[in-house]
Each structure stands twice: as C-alpha cells, then as structure tokens.
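Given below, in the form of structure tokens, are the structures.
In what comes next, chain A is part of two complexes: it sits with chain B in the first one and with chain C in the second one.
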Partner chain A sequence: MAGEQLALTVLMGVFLVGVVSLVSRMENLRAYAPLTSGDAGYGDSAATGHKPSGLLRWLTTVDHKDIGILYGVYATVAFVWGGLAVMLMRVELTTPALDVLGSTGVYNGLLTSHGITMLFLFGTPIIAAFSNYFIPLLIGADDMAFPRINGIAFWLLPPAALLIWAGFFLDPLTGGTVEAAQTSWVMYAPLSAEQANQGVDLMLLGLHLSGISATLGAINFIVTIFTERSPDVNWANLDIFSWTILTQSALILFAFPLLGSAIIMLLLDRNFQTAFFAVNGGSPILWQHLFWFFGHPEVYILVLPPMGLVSWILPKFSGRKLFGYKFVIYSTLAIGVLSFGVWAHHMFSTGIDPRIRASFMAVSLAIAIPSAVKTFNWIATMWNGNIRLTAPMLFCIGFVANFVIGGITGVFLAAIPIDLVLHDTYYVVGHFHWIVMGMIAFAAFGAIYYWFPIVTGKMYQKRLAKMHFWLSEIGVVITFFAMLLLGYLGMPRRYATYEFNGLIAPLSQVTTLHQVATLGAFIILFAQIIWVFNLVQSYLEGPVVETEDPWDLKETGQYSREFEWFAEQLDSTDDDAPALAADGRGEPSDD
Partner chain B sequence: MSSRTFDRETLLDLIVNAIPLAMMAFFVGVFVLYNPFGTDIANQAIQLSIVVITFSALVLLTYFSARAISNAEAELKADPEEFAEPQAAAADPSELTSSDESHGETAATGRDEHVDDESVEAEPTDEEPTDAE
Partner chain C sequence: MSQRESETGETAGTGKLSSWPLFVALGLAVGEVGVVMAVYPLAIGGLVLFAGSVAGILTESGYAERPWRALTALSGLFVLLGLVVVWTQTGTELSTVQSALASTDTVVLRGFSITGAGVVSFAAGLAGSSITETGRAA
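Moving on to the complex of A and B:
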C-alpha cells in the first residue's frame, strides 16, 4: 500500500519535472518582462505620471507606492479586527467557566477569525506594504514589473476579507443559519469537512482569493527583482530586504498554490460528496500533510521579510554595516529550502510512521542553525556600535530579543519527545506568538516608524513611539510567558472554558496565569491605541520633514537609495513644501 | 574568476549552510545504521528521501546562489564606478565602490577593529587576504 503510493508519487514528480522542463524549453520567459532594464527616473513613467484626484486615484492606482499604502491601511484594519477578536477571547478566559461570550461557538468563531485574519490579512499584507513601496526604490526600478497585476493583487484582498469574515455579518441577517467558521486556522478534517455551516465555504473561498493575491504579488516581485534592477545593482550589492522578499516570493510560489488546491479539495468534500479527507475512504491525515506542507513555509513567508527589515534598519542605528551580509543571505536562502522539509513536525502526535517522524525532526533541528546565525549577526552588528535608541531601533532590538525566546521554544518543540508532551498546549501558542507578535508585528512597527518621514513627509511623535514600544514589549513578555507556563502546566489550547479537574492541571494556577495573560493583552491593546493615534495625529499635524536625512545616516555613510529618492522629492516640491503628502509626490490636491 | 569555482572568502561564507548540511548528512548516517523501528522498505525510503531531497535542494541552491554572488562581486570589483555601494562592509575606504559621492567616504565607520574582522568574510572578492587577521 505505502509502496504503491510511493511509486505513484515518484512517477507524478517525474512527470511534473518533465512538464516544467518542456515548458521552459519552449518559452523564453524573459520575453514576457515588459521593461527589460530598470533605470532611475521616478515620475517619468507614463503609468504613474497622471493620477486622478480624490477617491478615484486610490481606486485606479497602479503606482507601487500608492498600492503599498493601500496594503498598509488594509493590514491595519485587519489588525484591528483580529485584535478585537482576541480581546474578547482573553476576557472570556479570565474565568474557567463560560461567563462572557454566551456560547463556545462564539469563542471558536473568534479564534478562527483571529488566526486567519492575523496571518493572511494582516501579516502578508503588511509585508507587501513595505515591499511594494520600497523594493522598487531600493533596487532603482521605475515601478513593479507588472503594475496592473500589482493593482489586481491588492484588490483581490478586500473581497477576500469580506468572505473570510462573512459568517459574522450573515449570522444576524440569516437568523443563525450561516455562522462564523469554527474550524480554527488549520481547518483540520474531518471537522472542517463535516461542519454544515456555509460560513466555512465562504471562508474557504476568501482564503483562496487571498492566496491568489499573494501568488500574483510573488510573481511580480520575482520578476521585478530579476529584471528591473537598475544597472548598478547586482547580486553582490542587492539590499538585504530585497533578498528576503525574493526568497519569500519563491516560498509563496511553491506553497500557496498547494493551499489553493487543498482548499478546493475540501470544498469538493463539503459540497460535492467527494471523499478526499473523509474518515471512511479518504484520509484526514492527508489534509494535515497538505495543509502543513503549505503551513510551515507560510510561517517563514511571514518571518523572512521582517528579518530582512531588521537586517536593513538595525545597522542604521548601530552606526555600522550589517555584520556578515552574505551570511545573512545564505542563511535566508537555506531557511527557504529547509522550510519545505519540516512540515510534519506539526504532526508528531498523529500516529504517522516513527521513521518518517524522525526525519522531520532531523530537518527541523537543521533549520534552527540558519535562524540562529542571523541572531548572532544582529548582535555582532550592534556590538561596539554607536547605538541610537530611536523608536525603530527599539523595535529592532525587541525583535531580536523576542526571537531568542520564540526560536528556542521552537527548537524544543521540534524534538519529538518534548513535543509529545507539549503539543496542543498553550506552550505552542506561546512559542508562535513570541514570533508572530514579538517579531513580525515588531518589525512592521519599526519599519513604519523608520520610513514614516518618506511616506508621509512628516515626523511622528517620538515620545509616544517609545511608549508604544515599551508597552508592547512589556505586554508581550507578560502575555506570552504566561502562555509558555500554562503550557507546562498542561493547559490545552483552543478551549473557551477550563473547568477541568486537578488531574489535568492545577486549576487555580491555570486561572491565575490566564488572568495574567489577559492583563498583558490589555497592555498590548493600550500600546496599539497609542500607535494608531500617533500615526493619524502625526500624519495630519506632525512637523514637516525638511531634511533629506532625518536619521543622520550620512554621518555613518549609510544614506541609502530610498532616502536619495526622498531627497529628490523634497527638491522637486521645494516651492510648495506641504504638498508632499501621502506618496511624497507633488500632485493634484486630494484633500 | 579563478580556476577554482569558489575562492577562499566565498567558501568561508558558505560555512553557514555547511552546518545544516552536515547535520542532515549525519542523520542520514544515523538512520541507515540505526533503525529501532523495524524494516519497512516504503517507509524507510520516505524517511531517507525527506532528508536526502532537502539536502540536495540546499546544496543546489547554495551552489547556484554562491556562483551568482561571486560572479557579481567580480563584476563589482572589475568596474567599481559602474555600481552602487556594496552592501558588505569594506575594510579600506579606498576600496569603496560608490556611484554617488553622497555616500561613500565613510561606509565603514572605522570606529573599531571589528570592522576589520568583518572584512574577512564580507569584502568584495579579493584573492589575497588583505589585512588584519
């Protein structure tokens, strides 16, 4: 049985490789790139020269900078949605009984929405915000290789969000026949296949759309970085953020189509009586394999670009160049490859063959090396540097610190015997939140502050930004340490209540730790309110940035391309200085 | 490029990927020599192929990226005027390759000896070790 499957798989693999080589022989793919060489010269290109004003501009734009801003706003909205969902859950968890939300179904719906929203609607888009805005600037390209596809990729996302959240809106309208999906973000069969609720179908369609969007974006970035670089940028001086986006795009290209296919199979199971994942005749474990073959690369899709952002920003405030630029590149590439060989570390306790399990442990331990190397690079960059604790730098340092804990807890989980104890406890939740909140969100905040002057032409309020950092870091430490401890005590994840008896876990300690975690979550919430206030207030009323070098980068020779571009914008809008709004170009007034 | 595929500096940079490769090779050895789970050809084939395929993919990617990067460095070195400043820190300011005088003079801060350490693995292609170390 296993032998036949193996033979079939190998045959299929050979066939696919054959198809790829045939296609690449027949077609000269390079011929599809519209502009074969990039050159500096912003604003000359026809695509970005004339923009309509007002709302129409934002609806029709194909300018990479505008699209970057759209991604950023979109991600922020999603962040608010996901954040409010989790606050409701945290409040529910302050007591063991079900006191607040009224039904466990509501909790499950919020849990699902929180996970999917944060990963697919906040994480990926916030990264796309930076890459869209800054990659063309950093590599000296006119725009993305395919500006219109860039626009399409963004505009697939709002309908995706509506579909993913649809259950919440339709519940009151349909009197409860369609509810929010309660599958959790991993959508394990048979649960996901058997829930009759049509909210699940809508969510799956939404996820599919967001996957298409990510894939289009990835293709665009790969082509842009390969073909649109300015002639003076080659592989040896390509900036580190572009390297991580390139790797991320390759991961997306291999991972997301697979998620799309798996989702289609699940939709077929749900609506057309197929039995891919059915308990009888199909295989629920097949779902897990497909999902995690996508799912593990997905976590690196989310974390590599933030690592790139930190590798880019941290040296600017250390007064030194990034230590071991090429170490960072090679380790990024290594993570990219290895992340496809570790997926079953999420399935150690499912009863898969112990030999296979051992292999996945081996590769999971190997992937820890390139991850750890980066940490040492960042520390070495700061070592003896001239460190300036600006808000972006604080977030970078917080990022490194949080990665130490998030990464090491991951290595523990990769060891089979430890995982069998900790799997599906709050320890896992703690592990990945140190990473997704402590790293991905932190890098995003740092980058937002760092580039705020370029994007808005204004400066943010520095005191508030520092408060934002300190409260966030304190909140993260409180919340997610409590979660690691809860995991050690054996508190299982994904439950709305925990009225269990003392044999499972000591109830009073568990309750206290849950309350501590909720307290931390409120601190994080408060910090984010400061953040949003600061951004909006500073965008509207902040001091106009008149210098082309707001971070004093010239002193240490780290003045870079995106600020050169900013300087050009300052020059060209000299006479009407305040017109430097939104995308940094003088333009028909839209406010 | 030199007659050998990679020069010493590039090989040094590649250590970072050699370690995970060595770990995977080690585990392949362990799995071949030590098998407490009994014989099952199909599952053992899967077991080994997971590590071997990942290993080979990493070897290939490392090889091609290293080749691309060291060729690019050779280009940088051959024609410094044509290129933007290299990302890797340069030890000696005179070696800076900058297309733009606005950055340049002080790319490496020269603040302390660590900058020199860095150059060992970060300097654009030099066949002969420059200084320090």
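Moving on to the complex of A and C:
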C-alpha cells in the first residue's frame, strides 16, 4: 500500500512538472499577444496571434467554434459507446434465457452505462455542440462571454466519461474487485448506497463533474445571450434556438446543482457512514424526490433545444416563417416553469400521499398543452408551404411525428390509474425512447446536415443522408412500437432474462416482440454507420460549397445570420479552403 | 490560413487559446477522485494542479495582476478545509489533532491530504513570488 502510494506520488510529481513545462511552452507561443483585461475582452483586437497547429490547437482552444466541434466529436464518441452497449443488450434479449452475456451483472452494467452515457455524455454535449458553434453567430457576438470558462466546461467532460465508464476498464485490471456500476441511471437507494463496488463511486464522481460542466456552460450561455447580442438583436427578434438555449440554461441552473448535492449525499452515505438515504435514516424515498426533482427538468433540458433547432430549420424548407413565433416562445417558457412541478409522476407507485399524487397528475397533464401548442405550430408552418424534402427537413418531419407518439404516451403515463399498470414496464421505455431517440437524436442529425456546409465548407452526400433518415425512422418505429406493446403485455423493464411463466405474460408473444425490437435496433445501427461514414467521407472528399446560400434561403427571405457569417468567410478567402480547415488548422486546400 | 480571418477583422478567430482550462478541469477531476477514493497522492497533486491553474487563468484573463496572491488565498482555503475535515473526527483541540497525525482513519487522512495540498500550494506561491521579478505567470 505504502509502496503504491509512493509510486503514485512520484508519478504525480512527474506529471505536474510536465504540466509546468507545457504551459511555459504555450506562454512563449503567445508571449507576443497582448494581455487583455477581463474575460470578455478576448475578441477585441488580439487578432495577431496564430493558432498552434495539430493537437495543441485543440487542447488549448477557447474559440467557441472549435469548442463546438470538440463537443460534437465527444458526443459522437459517447453515442457509439452507448449504442454498442445497447446492441449487446438487445442481442441478449432475443431469447428468454441468459444465453449471450454470461451474467446478469454484465447486462445491468451495460444498462446503466447506456442510460447515463446517452443522457449525460451524448444528449447534453451534442446540444452544446450546436449552441457553442452557432449561438454567437446567431446573435452577432464575437464569442461566448467567458471563453475560458467555456474551455473548462468542455474539458471536464472527458474525465467525466472516463470515470463513468471506469468500472468496465478496471474490471479486468483489478480481477473483478472493481466492476461496472449496476445502479441503472436513476441510482435508486438503497441499492446504490449498498453496492460495495467502487465502480459506483467513480461513476458518481464522473456524473458530478459532468454536472459542473453543464452548470458552467449554462451560466456562460445566459450571460452571453443577455450581454453579447449585437445591437440589432433584441428580445423581439432573438432567434428561436437562442430562446430555447436560454430556457434550457435556466433549467440547468436550477436542476443540476441539486443533482450534484444529491450525488454528494449518496457518496457520503457510501463512504462516510451517513444515513441520508438509509431506510432508518432520511429514507430511500428522499433519494427519489431529489433525483426526480432534477430528473424531470433534465428531460426538458434535453428536449427544449432540439425543439428550438426544429423550429429554426423546419421553416427554411417550408418556404414560410415559423407559424406563431411568439407562442412557440411562450410555450417554451411555460414548459420550463411547469417542468419543476411534475417530478412525482415518476413516483406514483411508491405509496406517497394520494392527494399529492393527484396534484402532480394535474400538472403533468397540463404540461401537455404547451407541448401540443408547439406541435400544432410546426404543422401549421408546413401547411400549404412549399416543402422541400432535404435530409434536414426529413429529420424535422420525423421529429414532429415521433413527438406525437412519444408525447401522447407520456400523457397516458401521467394518468395515475394507467401508470399503476404500466409503471416499470417496457411501455415507459418505449415512451421515452420515442422522445430521446425519435426527437433529440433526430433533431441533432437534422441540424448536423443543415449546418454541415458552414462547419466543414463541404456538402454531404445527399442520397446517403436520406437513406440515413429513412432507415432511422423505420428502425425507430419498429423498435419502439414493439416496446410499447411489450409494456401492454406486462414485460417488466431492466431484466436480462424473461423466463417467467405464462400467468405473468404470454411468453411466446413477448419473445417475438423482443426479437422484433432487436431487429429494429440493428436497422438503427446500420443507419448510424451510414451516417458516420457520410460525415467522414464528405468532410474529407465532399464537394466544396462555393455558394453562400447552399439551401436557397434567399428566395423565401429566410437567409439568416449564420449564413451571412459563412458568406463573409467565403468572400475573405481566395482559395476554396473549407471553413474548418481554414480556421487556423493550417491544412493546405485541395489544390 | 489564419490570415483570412484577420482580413475580415470581424471574427477575430485567431489567437484565441489558453492552456489553463484543460488543467483546471484535470486538476479538479483528479483532486476530487483522490479525496473521495482516499488516494492521497492524487488528492494532493490534483488539488495543487487545480489551485495553480485557477491562479494562472485568473492572471491570464486579467482578473489578477500576478498569480501568487490567488494561489496563496486558495492554499489558505485548502488548509482550512482540510483542518475542518480533520476536526470532524478529532475535535479542535491541538493535542488531539497532533495525535491524529499518526492515525490511519481514512477521513483524518483525507483531511490531512487536503491540508497538505494547501501547504504545497502555499510554498509554490511563496517560491514563485520571490523568484520571478516580473511576477508574470510561468
């Protein structure tokens, strides 16, 4: 033990010396750049320096566009991890018995990792990718209000991912003493407090870091949108995406610190013998209250910005302005406020006071109203419009369609009598996957295609993008309809096996539906392989975009600020270097 | 390549770099893991890195003229925090704190590791301010 500690100390010392020397190298690099005062002063005039090339540029950048790209790459890596985890689970579920994974513990570990990865390491970061890159462009700001805090917020995420996944890496290294956490993403006590496995502690620490990152980002966006707008952008013409990011940031500010505190309480329970969530102490229900007080706002933290993206992109290909711009904003704000008053709809079956339960049911049903307002506004925008079915538009339409099913199944679940039957079945899993996959991921895909020319200077392969859409939509429908049906049949969620007797559920139908869901999952997987291939191939070899208006937005008067910025980029260059490469990357252009 | 942006003068996309954010994040992550998982070298190293990087980033962005005072303030904070952790187990009496130095109780040791990080940062601050004449961050 003492030897290990000594070795670690020496390693730490060597590491710190390395840091000092690296930093002094960096300081020499930028020694000629004037030291500006105050964070916001960054963009002023210091346009004399060079970005260093290669890895060093990406490690040290505080440019909002670079950080946006980093967030995007990070989210994609997380998406791959979470996706592969769930494919293993889906394969296991093709048969009732435990035939593939070898132990239920492995399944539980994958389940936990899938949920946490997709929500915290894919969902939030992919949204941050768009907001970092585009909010400053959309509101006419030089950069974020606090560029360095922006950098800190991003760099907290890679360690967070390593810690959250640490159990998987440490399991073989420690001979199984530390394994992947098996708490599920909701980490309910007493299970989470009593699993001795240190993988759980590492995961909690990682989650804590990701929460700090989200909070720093939220503060940055609030300040940026309030103070860095160009003079001609006011509250009345602020774009819809910025509105949703502003609302999201407010939700983050109230929700994430609470999660952080609850996680610290759980860590104290686990390591320091406190009794916050012990049966004879603060009670396990306390955890559920704290978790869902964060958890329900979190689902809107994840869905509001995608709604903003769709509200922004869908009109561009409908040839019309967004119908009811004001009401879309009001509904965003209404959802933001209401989302803090519905958390106990996740706890209807825990035996809480029925009067409290009923009030939560009422607010949960009420939140469906602003959600529906948005849906009708999107449909009304397309109505009689001049619709162009480009890949971004297809994803927007798919988004609206999936929201109808995902939203309405949510309204069903918000009714206490229905929830008592369907709670903890696959119906719930179906409900939220229509939303998280069918909406959040779809909006992200749509926005990636829409802005691909701006970020890379190239155009993607349109046919592959459409294949990506159709396969994804078909896969989503097959997989998640099967899950809703499984729920009606009574299949409980979070099980690696389902060898129950026929009195609980009809085993053969359940097996078939599980196989159908797995088939759908493979279709989704195949679609995402096409997506990644298309992005990489087009970035490297795609046709260079030479027009400042690749989507013909001028015709309908919808040419907007981020493309004006793109036009400036095109004007100011005499060669055809794509924006990403030209942005200091120091890559030669294609000639 | 990057002249292109200075030509427009609009985006000022160049020269935007800082080596500190990465290390602030890394310091926090390593320090947090070290303290909670009771791996003392990580605790001390991580917290020292965190304190140093915070001092550095404050200086770089012009909120502080020299990093040393911020470093000293943070180190004071760590010393105090660590002592509070120790006191939760020993009480505030000097003799019990002294005898706790020999303790193997992990909470006490975590407290001392935080205090230790403060002491190291404090020493670094002293050394830094006396060595550099200009007082500019390394």
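By our rule, the second predicted complex is superposed on the first by the 526 of 591 C-alpha atoms of A that agree within 3 Å, B and C clash if a C-alpha of one lies under 4 Å from a C-alpha of the other, contacts with A are read in each partner's own complex, and residues count from 1 in each chain.
Heads up, the rule we're going with is that contacts are C-beta pairs under 8 Å (C-beta built on N, C-alpha and C of every residue); 3 or more make two chains touch, one makes a residue touch a chain.
Since this is a predicted model, take the numbers as computed values, not measurements.
Enquirer: Quick one: classify A:356 as touching chain B (first), chain C (second), both or neither.
Expert: After superposing on A, A:356 lies in contact with chain B but is clear of chain C.
Enquirer: Once chain A of both complexes is superposed, is A:52 in touch with chain B (first), chain C (second), both, or neither?
Expert: So A:52 only meets chain C here.
Enquirer: Decide which partner touches more residues of chain A, taking chain B and chain C as the two options.
Expert: Of chain B and chain C, more residues of chain A lie in contact with C.
Enquirer: In the superposed arrangement, does A:364 touch chain B (first), chain C (second), both or neither?
Expert: neither
Enquirer: Go through the superposed model and pick first if A:568 touches only chain B, second if only chain C, both, or neither.
Expert: Second partner only.
Enquirer: Could you say whether A:3 touches chain B, chain C, both of them, or neither, answering first, second, both or neither?
Expert: In the superposed model, A:3 contacts chain B only, not chain C.
Enquirer: A:235 in the overlay: touching chain B, chain C, both, or neither? Say first, second, both or neither.
Expert: first
Enquirer: Name the contact category of A:148: first (chain B only), second (chain C only), both, or neither.
Expert: After superposing on A, A:148 lies in contact with chain C but is clear of chain B.
Enquirer: When the two structures are overlaid on chain A, which partner does A:271 contact: first (chain B), second (chain C), both, or neither?
Expert: In the superposition, A:271 contacts chain C only.
Enquirer: Quick check for you: in the superposed arrangement, does A:12 touch first (chain B), second (chain C), both or neither?
Expert: second
Enquirer: Which parts of chain A are in contact with chain B and also with chain C?
Expert: 5
Enquirer: Which chain A residues qualify as touching chain C in the complex?
Expert: Contacts found on chain A: 5, 8-9, 11-13, 15-16, 19-20, 22-24, 26-27, 29-30, 33, 35-39, 41-52, 57, 59-63, 65-66, 142-143, 147-152, 154-156, 159-160, 163, 198, 201-202, 205, 208-209, 212, 267, 271-272, 565, 568-569, 571-573, 577, 581-587.
Enquirer: What residues on chain B touch chain A, complex-wise?
Expert: These residues of chain B touch chain A: 13-14, 16-17, 19-21, 23-24, 27, 31, 35, 37, 40-48, 50-51, 53-54, 57-58, 61-62, 65-66, 68-73, 75-76, 82-89, 99-100, 102-109, 111-112, 114-115, 118, 121-122, 124.
Enquirer: Help me check something: in the complex, which residues belonging to chain A touch chain B?
Expert: Those in contact with chain B are residues 2-3, 5-6, 140, 230-240, 319-327, 329-331, 333-334, 336-338, 340-341, 353-356, 358-360, 362-363, 365-367, 369-370, 373, 380, 383-386, 554-561, 564.
Enquirer: Spell out the part of chain C that touches chain A in their complex, as residue ranges.
Expert: Interface residues on chain C, with respect to chain A: 1-2, 4-26, 28-30, 32-33, 36-37, 39-42, 44-45, 48-49, 56-57, 60-63, 107, 137-138.
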